[in-house]
Structures are given as C-alpha cells and as structure tokens.
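Structures incoming, each one as structure tokens.
Each of the next two complexes has chain A plus one other chain: chain B in the first, chain C in the second.
Moving on to the complex of A and B:
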C-alpha cells in the first residue's frame, strides 16, 4: 500500500505512523463491512436464532446463564430423546456457550442489560471481525502487511465463511474459524521465533478451538504434518523442536480437559499422527545431539538406521490407521449420514459460488509461496493442499478451505498490485515512448484488478443476501408488486404448543424439528438433530410410514401425546415432510423390516401422491396427517380441491378419517399441523352390527388388552360392565 | 467295517445328488460352464426365465439387478458391482465351491423385461432365488440398512443358503505397482543424476504439482470420482451434444475439464503479470508477457463467469 503524502505532525510525519494508521483503519472497516454484511437476516426479519442446531446451542446457553457453569456441565436434559434423555454436558463442545455466556456476564456486570438471545444472534458477526484480524496477522507473518490487509478484507466478506456466520446462525463454526486462524498465527509465530511464550499461546488458542468445534482435528494433523515436512526438507532447527514439543505436550493435556474429547487424543487414529511426529522429532533431535559425539562413519550408519526406521514405522502406522478408518466409513453408507445434504462431495459450481474470483487466483498465490519457500510458507502450502482436498470431499468443509484461499489470493493480488500500483520506478531512465507505454499497461492492469475485486464484492453481497440470509424459521414470499408476505407458521405453532399443552407433553416429529420444538415450544421430544440413536429415529420413521393402527401401537409404546408435521402443499414449500418421507422409510427398517421402500412407489417406480400413487403410501400415517381435510380445500379457481402445490398434483385420498388421532392445531398457511394422540378408548367399538339376542356377552369378549399399562382403564371397564349387567 | 459303511453312505449320498440334478443336468452343467468362464453370470431376460424362473432347479441363484451403462449415471451400481465380484470370486475360487449357489447379474439395459416382471424400480438390488419354493421377503437384501460390503453380502448369503463364503479380497496390485513404478523412475533419475540432486530441490516441479492438485480439486474432480457422471450429454432426438450440465447441482466430466482449463489460465495470467514486472528479460518480452497476462485473466475469467451464469439462471442483479 502506498503511503499517502503529507502529514500533520509527530507520528504521522513518518511513513510507519501512516502505515499503522492505515492498517488500523482498513482492519476497522473490514470488521465493519463484515459485520454489516451479516445483518441481512436481522434487518429483513428480526433478531432471531436461525435454522436447527443454533436452537439447541441457544437453549444450552440459556441454561448456562440461568443455572451457572457447573449446572451446565452436569446437565441431564430429560426433554430430549424421550424416554432416554441426553447428557448434555458431556456431549457438547462447550466453547460456544461459554463464550456467549461470558460476554453476557461481562455486559451485565457493566450494566449493559442485553438479552442472552441478542448476544447469541450477534456473536458470529462480531467474531468474523476477530477472524479477519487474525487472518491479517497470519498473512503478515507469511508474506507482508499489504497482503495481510487484503486477506482481512477478503475473509470479511467471502461467502464461504459468511454461510456459517450470519447474524442468528449461532453455531460452533462461527467462533471456530477465528480460533483456527489464531492458532495457526501463533504456531507460525512460534516456529519463527522458537520461543516457549508463543508456543504456550498457541496451546491456549488450540484449547479454545478444541472447546469450540470438532474441526480441531484438522489442526492436530496439520501442525505435525508441517513439522514432518520440515524434517524431510532438512529444515530442522531448534525453533521447530521447541515449538512442537511444547505444543504437543501442553496441547494434549489441555485438549483432554474438555469432557466431550476426554481420552480420545491418546486413543483414536486421527490423533496418532501427532504422537508419531512427536516421537520422530525426539529421535531426530537425539541423533543430532549424538552427531557431535561420534565419528562421522559411525554416525552416518546410525543416523540412517534410526531415522529410516522411525519414519517408516510412523508412516506405515499412520497410513494403516487412516486407510482402514476411511475405507470402512466410505463403503458402508448409512442412510442417516447420506440423508444430510452437507455431507455430499463438492461440485465446481459450489467452489465458484462460495469463493468467486478467489478460486482461480489462489493457485497463483500458492505458486509464489512455493517459489519463495521458507519455514512458514511450507505451512501455508500444506494448509492449502490438505484443505482443498477435504473441501472437495465434503461440501461443509469448504469452511476450512476459505481462510487459506483468502490468504493466498491476497498474496497473488498484492504481488500484482505491488508491481503495478504506485509510482516508484525501479528501472531508471527508460526511453520516453516506452515509459508512457508502460504507464498505460500499468493502468490497464490496475483497472483490471480493481474491476475483478469490484465484481467479487458485488458477488459476495448478492450471495449473502440471496442464499445465506434466510432464518428458515420465518419464511418470506414476494408478491408480483414486490410487497412481502411473512409466513410465521413455525413460531405460531410452537407457541401454540407452549401455551396449550401440558408442560410434560411429549411431541413426536421428524428429527429435523427436535431442537426447534425443545427451544421454542419447551416440550419433550422423541428425536432431535443430535442423531445419536439411530434405532430411536427409525422407530419414529416407522410410525410415520405405517398405517394408522400400527402407528398407534408404536406411539402408545413411546407415550406420544402430540404429533407435529410440516406440510407445504398449501403454499408450495418444498422442504416438507412428504418430500422427506422416503428418508423416513429408508431409515425405518433398521429396526424392523416391515415397510419396504418399493411399496411406496407406483409400479412404474414413481413417488406420487395422486390417485395413481401406491395404496401403501395413500394410507400411511404421514399421508393421512398431511392431507387430512385438505381434500375440502380449494386453493384457487384453476385447480380442483385438494391440489397440492408443492408436488403439483391433486391428492389421491381426499376422504381421510382418523381413528386414533385428532387434529389439534393447524397453522395459518397449513405449514405446521399438530395432532393429538387419543387415549385408548374405554372399550373397543364393535365393527359389525349388533345381534339381537346376547349382545352383552359378545360385546366384551372381543376386547384386546395389550399389557399391564391398561390396568386403570381395565378397572373402569369392569365397573361399567357390572353396572350394565345390573340394568 | 465302520469305514466301509461310512464310505458307502457317502457314495450313496453323492449318487442321490446326481440323481436329483439329473432332473435338469444340462441346466446345471450350463451354469457351471458359465461360472467357470466368469464368476458372475451375465443374464438377459431369456436366460433369466430359463435358468432362474423355470421351476425344476436344484441350485440357488443370487442375482444383482443393476444398471451399469454409463448413461444411467449410477455411481453406487459400480461400487456395488465391485463388491459383488469380490463375493462371487471368493466363492468361485474357494475350496468349498459347489454347484449349490450361482451368482448372476441382470443389467437394466439388457433385461428390462425382468425388471418389469419383478416390478423392480431401483438398482442395485440383490435378490436370492432359493432352490425350492418362492422367494420370500428376506430373500431381498436390505441394501439401505446393511450397505453393500462383500462381507455383509456373504453373511446374508450364508443366512439364506447355508453356504459360508470367506471373503478374500484380491490385493489391489494397481496402486502398489504404480507406486513402485514411480519410485523406480524417481530412483532411476536419482541414480543417473546422483552427483547432482538439485532437481529434488527444484521449486518449479513442486509448485507445479501442487498447482495441479489444487486445480484438480477445485474443478470438482472428486465429485466426478464419487458420483461417476457421463462425459457429456447427447440429446437423442436432435443429436446435439451439451458439455455443460444445466443444473447447478450436477456436472459433466467435460465441464470440469473446461473449468480446470479456465482456472489454470486465470492463474497463469496472474503469474505472468507478476513475472512481467520482476523478471530480468528485455523490455519487449516483458511487454508481451504483461499483455498476455491481462488477456488471459480477462478472457478466461469472463468465460468462466458466463459458464457459471448458464448454470445459475438469472445471476445476479435481479
């Protein structure tokens, strides 16, 4: 960056003063830009927690702030996974909740009374500013200050990172990327200086990362890889030895303090590379020490033997462990993992969508880094290569790729700007005509680069506003004249549950909505987004996909009071339960093998809800609950009654009668429908016509009793019978 | 005496076996002949009706219904097929091999009538046709639950037919061979140039390979590897070949190659721009480099953008 001319007085008369003022301003503006870009959802809707997982985090944070830290660590949540419950303290990464809780505590200490919800909503945008500062620091260590500032600006607005950190998306990733970048900065710093101070700082930052996100595994593998490659490149030095030995030991001990991580760092395969490199480093250092005390010949044999043995053993074991671990994971594709859309591989379009110009320029930055290699640039090259591999395998890991792409692109752009922007002439006295010619070219390049950056900014804003700023709890639809309708059905229904049902009522729904029900309606759920118990989910899927009688048995055995489903047929909302229905069928046979997926298809292999649909589908519980009374409803005059707008079909079963359920609530746009599960009747209704003579005897012998749970109703039953006999 | 008896009973039982198979000996021998050629018998509708559906038969058949033609775009089918081959080979070359069980496959494009007959609509599907009686519900393999690993399949086959198959995976020679070849080449080079190992420290080589890897990944080759899309799509009615997939959710192989090229060109443009300013070449060459850099970045980035726009309709400024 060119220092501006002129100056007022004192520090500003020196270029360094200007430089620091400029960097400060730019970082501040980057923070501001990043913060405001993330506010689309708050401005359009309101300060609200988004989607699914954030609702759990919010609920946990709320618990933390009301009951204190130790209560939170020991929290057993009986509202989830009925009847099993969930031990929350030991199964979460507490960093996010503790951070939000701490901010809330400090603010309240200063008498800034903010609701914990607002802290949670604005946490990720605030941390994005910290991320850009730590990216600035890291890039400055790797290249120079100019590249650092550029990287900070890039990461502030790049969609790949915004996707996980808009206001309201209160999720682990929001703070974890900051922790990741800061840990890397401190690591590079400690390798550069070889001081224990920076190393300890790195460990503390790593500890924060471990407490915040499962992605810490990326750090504990990348740093050993860096050390290993440095060894191979014969760049071993005391600095590396001090940095890594300190980091490994203290980092290991600290990471084991998180209850959810526990003893994993010394047990599981993904942590073994770190241990292996630690051993290797000690062996290498020991041999280096012996070198001074042995003759050259002796030493050479010993050296080769020791190093090759150690390296071979470590390498083989790592390969073996990762290979066996990965292949089994890839081969047995479990439906519940496959059903989550963010576990898919990445197309080039997603790369371009999330990174735009950066995706084509960051290889140039990588090129420059490798051409001018040093210890820390080895690190960034390895970071880029490993992150790009993981991002290719899984869409959600685009998040770990984004920071390094920003840094390397900044390197590329800033190298170009360095040479073409500004008026310093390195080559003295060129011919006059050439000079003007060169100026033209310089201007052209500068214009081109600025143009690209402008397009990048426009793209980022567009993507943020259109793709990543929907809370998905509140929906909006736009009319032709541009006016907006807010569909607030979800909250309407959850609020209804909160107000009108028993405090301990148990609500069955598909697992996607578990966290929201617990968070907004404060009711007990059977399954939720923490999908730790597949068979429990399968039971719910089975209930949804069986016919009403079979489903009733399952629901009785699970003590279900209400069933909540999402139905988008009225407004054309495509993410509803009928569209997710096949996953319920697929997941359900892991318990019992009765519903077959093919039974829900037509003979032609189509999934249809109209008359041609399979009878199994038209009579299953999910279908009945979704379309109950829908056949009476005519949405507009061009379509027949009972026309489903999501699937563009007239439903095939319009006359739906429910026997064991009754409609309890349907939201304004029918998006959420809640059914109450009836208690078993006092006595079974007789299906056939009563015969004239001995009706009383016939009536009661056909009673089906399904176990001891019916004892109380049995008692009533007998009483009634005697009474009847008497008359 | 006892030994003789034992032998006698054994002979008797084998006799009974041959008499039983004497019902349709030509069918079994035919099946055996096919199996000796390929451990998984390929069937069409005709063969399926004759050898599987027609009742007098004393062998079980395990059939994989699949769609392996590239235009079907079934990535799972390929993986399942590999596992099925492993299973069939393990059986074919095991010491316990008998004519009790055969493995066969029906491809949708060769025997779509079979698919219709069994009213099947998804591939891959594994069905077991027992020697006696009709297939029951448990004769359909629960693919969604158990996955298609050969070990799981073998457990299912053992459950249905009482034939225990020990899975023996053929060691994958391709990987080690390639690695060995590479090592040999590198070793050879190192030996030839043993006095001058500079090339190992050649940054250009390392930078170039790193760039290749990065470009391969960012152009979605991993997606291709996992999903196995076709190279391009040819419209059967007009004969027009489209290289770009219309949806933003999918891609063709050709498309990713194009994108790889574009990304590489933009990268090269950026590098050229820098080189033009820093290198020690004479001014004319630097000028050319600079103009080429501008051209590459501008041309290929806008081209890339237009390809992207073709996939994201109405991008942006709505």
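Moving on to the complex of A and C:
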C-alpha cells in the first residue's frame, strides 16, 4: 500500500477543496472590504442617519419596532402633510423597514440589545456583502468561478454602488441591489435547469424585491424581454417555457400582496409587456406541441384558424389597453420632478467617477459574451444594453448600471488573465523558439492588468472617502492647518424645536427638510420629501414668495406655528433656500394677478439680492426671513455689513421689519432660522396718529317755541373724536 | 375548409388517445378540470361584477397557476422530454410541483381577503 502523501508533490491534492477554500476566503475578504469602505462617515463623525429620505425610513422602522407589524402596515401618519395626513402603510415599500425590524427583533431575542438606530445605520454595509455574494453566484452561472470572484470584489468597492449604500444611508437601494442580483441569479439558474424549484425561488426573491424598491419594474420588463429575444433567436425550449410561465404567474400574485403595488401589475402599461410575453409564450408552446403531433398539411389548416383567432384577440386587447393604460414615467416637464438634481441627465464625468476602468473594459466583456452566446448570455447582453440606456437618461440610474458593469468587466479581466496566465502544460505544444518573447509578453500584460486593478482600488477608496461619505446633516470644513470645524447647525436647530415648542406645533418649511424635521425634531410638518401632493407644495411655495401679509393669510389658513428656513449667507453654504427660491416660484401656481417668475428678476433678467434686485423679491417673505437682522452683521472688516457670502453681494434691503412673524431661533452660524407666527391681535391695531380734537361746531336749534328771551338758544357742542382706523 | 379542420381535429384526438401514456392522460384530465373551473370563475365575474376584486383575482390566478404548474409537471414527466431534463427525475418533478403549490396556495389564501 502507498501512504497518501498529503502535500504538493506534483500538484495539489484535493484541488476542489483548495478551490472552495480560496473562494470562501476571497468572498469573505470582499465582504469585509465592502463593509469597511462604507464606514468613513461613521468614523469621522458618528453613527447617524444621513441626508433626507433615510430619516423617514428610520422613523417608519422605529414605529414598526415600537408598535408592531400590523400597526405599521395600517399606519396613518397625521404628523405629516398637515392637514391632509399620509397613509404610510399604503404608500411605502415595506421591505427595508421589515428587514431592519426583523434583524433588530432577532438580535434582541438573543439578548444582543442593539438600538434600532444602529441596525439602520449598519444595514446597508452588511447587505453590500450579500450583494457581492449574489454577484459572484450570478457571474459564476454566466461565465466561470474566476470571473465570479472578480465580479464580487469589484462590486464590493465600486463607487457607483457605494454612493447609495454607505453606513448611515438607510435607503431602499441598499437592500434592493442585493434582491435584484439574487433574483437574476435565480432566474438564470431556472432557465439553465428548467426546474420549477428554482423558478419558485426566483418568485420569492422577486417578491422581496417588490417589497424593497420601485425599481422592480426593471426586473418585470427585462425578464420578458429576455424570453421574447430567445423566441426571436429560435432558442425556445421547454426549460424556458417552464421557467417563465411559473415565474410570471406566481410572481404576479406575490407582487400584488404589497399594498403599495396593489392591482398595478394588471393595470399599468409598465407591466403589460410581461403579460403579453406570457400569452405569446403559451400560444407558441401550444403550437410547438401541435406541430410535433400533426403532419405539415394538417398543421397548416389549423394554423389559419389559429392565426385569425389570435389576431382578433390581439386586436381586442390592444383596444382595451390603449383605453385604460397610462404611462407614469418621470415627466420632465413637471417642475417638481425636473427640480430634483438626481433626475438630470448623466455627464460622462459621472461614468468615469463612479466606475473608473470598469466602464472601459465592460464593452470587452459584453463582446466576449456575445461571441460565445448561449441562453443566459443573451440575458446579460440585454441587461447591459438596457442599463446603459437608463444610466444615460438619469444620474440616479447609474446605480442599475453598476452591477452589470462589474460582471462584464470581470468577464473581460478573467478572459485576459486566463489567456495570459494559463498553465503552459495545458497548452498544446508551445513553440520553443519564441518562449522568452512569449513569457515577456505574458508578464507585461499581466503586470499592466494588475496595475490597472490597483489604480482602480485606490480610486474607489479616494472617491468613497471624499465624495460619498458626507452625512449632509453635519457639515465639516477644514482650516489652513488641517484642523476640522464642525457645523452642527441643523441638529442644533432641530433639537431646539424638539425641546422648546409645543408637541403639536406645526412647522412650515420647504419640502426638502420635511423628513428631517419629522425625524429629529418630532414635529408636525406641512410638506415633506414624499412630494405626493403638488398643490400643497405649491401653496407653501406661494406663501414663501408672497409679501408678508399675503403669506400671513396663507399661514393662518394652514394653522402654521413656526417657519423654518435655511440661510447660507454667513458661511457661504450654497444649498440654502434663497438659491432654491426660483423653484418655489416656479412650482407655485401663478395667476395673472399674482407675481410671475419674471417679476423676481431685474429688468436685465438677473437674479440679484442687492439694491438692484427687483422690489418683489426684496419684499417677499423668504427674503425678509433670510436677511432679518443680517444688515447689522459685519462678518469681515473688508466687507460691508450685510454682505451675503453665498451670493457675493451686499443685500439691498437692510432695514427689515417683520409684522406678523417674530424671530424664534437662529443657529450658531445662522444656517437655520426659525420664526414664530404671531397669533392675530385681540383687537384691531390702531395706527399711531396724533389724537386730534375735532372742533366742529354743531348747531342745535331748539324747536321749542316759548315766549320769552330764550326763543332760540344755540348749543355749541364741542366733541372730541378719536379717529379709528378702519380695517 | 371546415371539413378538413374537423377531420384534422378528429385524427388528432384519435392519435392522442392511442399514443399518450396513461400517466399523462390523468394529468391532462386534471388540466381540463382546472381550465373549466377557471372559465367558470371568469364567467361569474363577467356576470356578477368584480366587486371584491382581490377575491376574484386570487381565485382566477389560483386556477391559472395550478394549470401552469400542471403543464410544467406534464412536460417534466413526459418520457419523450427526458433529454431536456437530465437532472430532474419524475419524483423530483412531483416534489417541485408540491412545493410550488404550497407557495401558491399560501399566497392565494392571504390575497383572498
């Protein structure tokens, strides 16, 4: 007998074991790298929820953990959109909150007492690791395990995905990209095996995706497109039929369980492609079945009958759909949607910034896939093409492009490395004369590729650290000696509101800050980031842009107690309300008698806040609130008092008097200013005019006729009259 | 033309009854039953109206889903298709069928309202 020499004699024993150990290690390191790269904000500042939308998600999750699942599903929030309220249960995608709530529940059950805020802050980094794993699985199905590992490493650190999943960014995309990749992996697996088990797995993953993000529409259009293209390419097979039919019908009924989605999957035009392909597939499969059974002649006779029936059915359905279907895509001509910066078209700088060399190698990967086509590579080619189109339309959709770019670049890199690092023994007899040249070339190419990958890693870390790790709630600036200045004005103001105002006070502000006010200050707001009611927002915009008296009427009608504005003139913060002011004017309705947008500009068409600014602007409520008492403030001995650092102009109207509002709070750097709306006076005010004596002689002639000397007596009355100012 | 259609159909039915194995005929009978149930539900909806729309949808989709799953089962246990499904034995096909039906009925019961 020969003792088994475990070791490296002539090759590794149990190579499969080593391979899986290596895979496991690499995936674990990818998870760790992805998690760590997302922690910049937590280390520099603290564990806090960032930006605007995550504050609402956090508040909803908090409500879920304190009140239970059914309370959350049926929650009617009367502290938002006063006086309308918001039906949260039916207008939110619950997946994110339920995931965070479940993790919190399980951890607390095991007596690991974590606060829900920490679960929310760290949820996205943890799920980025899961995304890496599902990308690995998907790429492994498409190409091979090496490409899968590269794809996992790419997606762990690529900035396009990190931007929406840093620690603290508690938003739908953090879990939705994981659900997307996992659904696609299960779909590719079910097309490859034709097993109903994998299709049901795909349906359940699709259900999770529908609960997580509105981007599920991408899945329900890409998968039917894939099936349709397979039909066109004559690649129809029974596996595709089983996979898609099962996925469609069970996915349909699962997706309708989410209250927000409701009956949309059978009503709106975005879902009609899936239904159309489903019907087409049934017809096609049935025709294939008949063709196998009948002779050509018989098939042809039935065919005519069938085609005429089908044509009739299609005609009727088209009539029905055009009558009832409507498309609800982001219409660029609606001002409120056009004003969001994320909805602007993408510049090429964003592509390079978010993807670095991956955007250059991704077409190569796509070419490799198309050259060696099979059913699943058709899918990834369609995914790539549609993702590139959408990413070119809106900056926000760069996120959907990122996973497919990672996968295809990994395919490209993997092919290159396989070709140039391939084992010599596997090759068929390399020519000996050129071996040194070959070796040099191989080494050069390998070194070049490795250098590119290292630069990619450096770029990703730099971008994450500088561009995508800002909490937005806390601002930081750096002095000349490198020390840091923290501007915590937002939280200072919100906590002032929380501690110094009545619990049922109503705060009016522009819709950007609604969620933060509700989350941190815990006060009722009028409009918030959900922007579901444009006319209510328009009313707030009208109040901000009218003069003080007209605005006071609107505010009284809405029961407003406090008004909150952001003013960046002292520190040069450019995201303040005066810079957003034109959007307020554009969104508010303009009737002929009210100020139009052009009234706020100078006659030359400029938007100026100094003496040359238009009088409508200089008298509107927003201007007055922003610059109240600012005229007394001299920031620098070089500039005059009242110099606005953001607009670089000395303000025009320095002597501002507010009649119906009074200043309640201004934060340390004047960033947030809160005004209290005064209640109406008990009696009408009297103008301070000098009281005058009205000496009108009033003749009184006595009608008494009596004999004697006092026949006609005159009475002179002197009356004092005080003048009343009529309102 | 109609003559030839009828003759084609009758020949197809005759060929079907002689060449299809019994197992598949049982599945086909089940599929026919599901089809009739679904058609009946749809007819009811047309006559009486869609008022509890979620109930109608859940019942109708339950029929369509059961039909699709039955067709998938039939495809996977058909001995002629063995080449396409090398890794799926008829027992595995039936197990998948049961699992899919469990999921379908749980969802339908939640949706029926």
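Annotations
Simple rule for what comes next: the second predicted complex is superposed on the first by the 627 of 727 C-alpha atoms of A that agree within 3 Å, B and C clash if a C-alpha of one lies under 4 Å from a C-alpha of the other, contacts with A are read in each partner's own complex, and residues count from 1 in each chain.
By our rule, a residue touches a chain if its C-beta (ideal position, glycine included) is under 8 Å from a C-beta of that chain, and two chains touch if they have at least 3 such contacts.
Bear in mind that the values here come from a model prediction, so they are computed numbers and not experimental data.
Once chain A of one complex is fitted onto chain A of the other, the partner contacts of A:459 are limited to chain B, with no touch recorded for chain C. In the superposition on chain A, contact of A:371 is made with chain B only, not with chain C.
Ranked by how many residues of chain A each touches, chain B and chain C are led by B. Look at A:237: by the touch rule set out above, it reaches chain C but stays clear of chain B. When both complexes are overlaid on chain A, the residue A:586 reaches chain B alone and has no touch with chain C.
Of the two partner chains, neither chain B nor chain C is touched by A:504. Using the contact criterion defined above for the overlaid structures, shared-chain residue A:293 touches chain C, although it does not reach chain B. On chain A, the surface touched by chain B in one complex and the surface touched by chain C in the other have no residue in common.
On the side of chain B, the complex with chain A involves touching residues 79, 83, 119-122, 137-138, 140, 142, 144-149, 152, 203-204, 206-207, 210-211, 213-215, 217-223, 226-227, 248-251, 255-256, 259, 262-264, 266-267, 270-271, 273-274, 277-278, 283, 287, 290-291, 293-294, 297-298, 300-301, 304-305, 308, 311-312, 315-317.
Taken together, the chain C residues at the contact with chain A in this complex read 1, 4-5, 8-9, 11-12, 15-16, 53-54, 57-58, 61-62, 64-65, 68-69, 71-73, 75-76, 81, 84-85, 87-88, 92-93, 95-97, 99-100, 103-104, 107-108, 110-111. Against chain C, in their complex, chain A makes its touches with residues 193-197, 199-200, 203-204, 237-239, 241-242, 245-246, 249-250, 252-254, 256-257, 263, 266, 290, 293-294, 298, 301-302, 305.
For chain A in complex with chain B, the touching residues are 331-335, 345-349, 351-353, 357, 359-364, 366-368, 370-371, 373, 381, 384-385, 388-389, 391-393, 412, 415-416, 419-420, 430, 434, 437-438, 441, 444-445, 448, 452, 455, 458-459, 462, 466, 586, 589-590, 593, 596-598, 601, 603-605.
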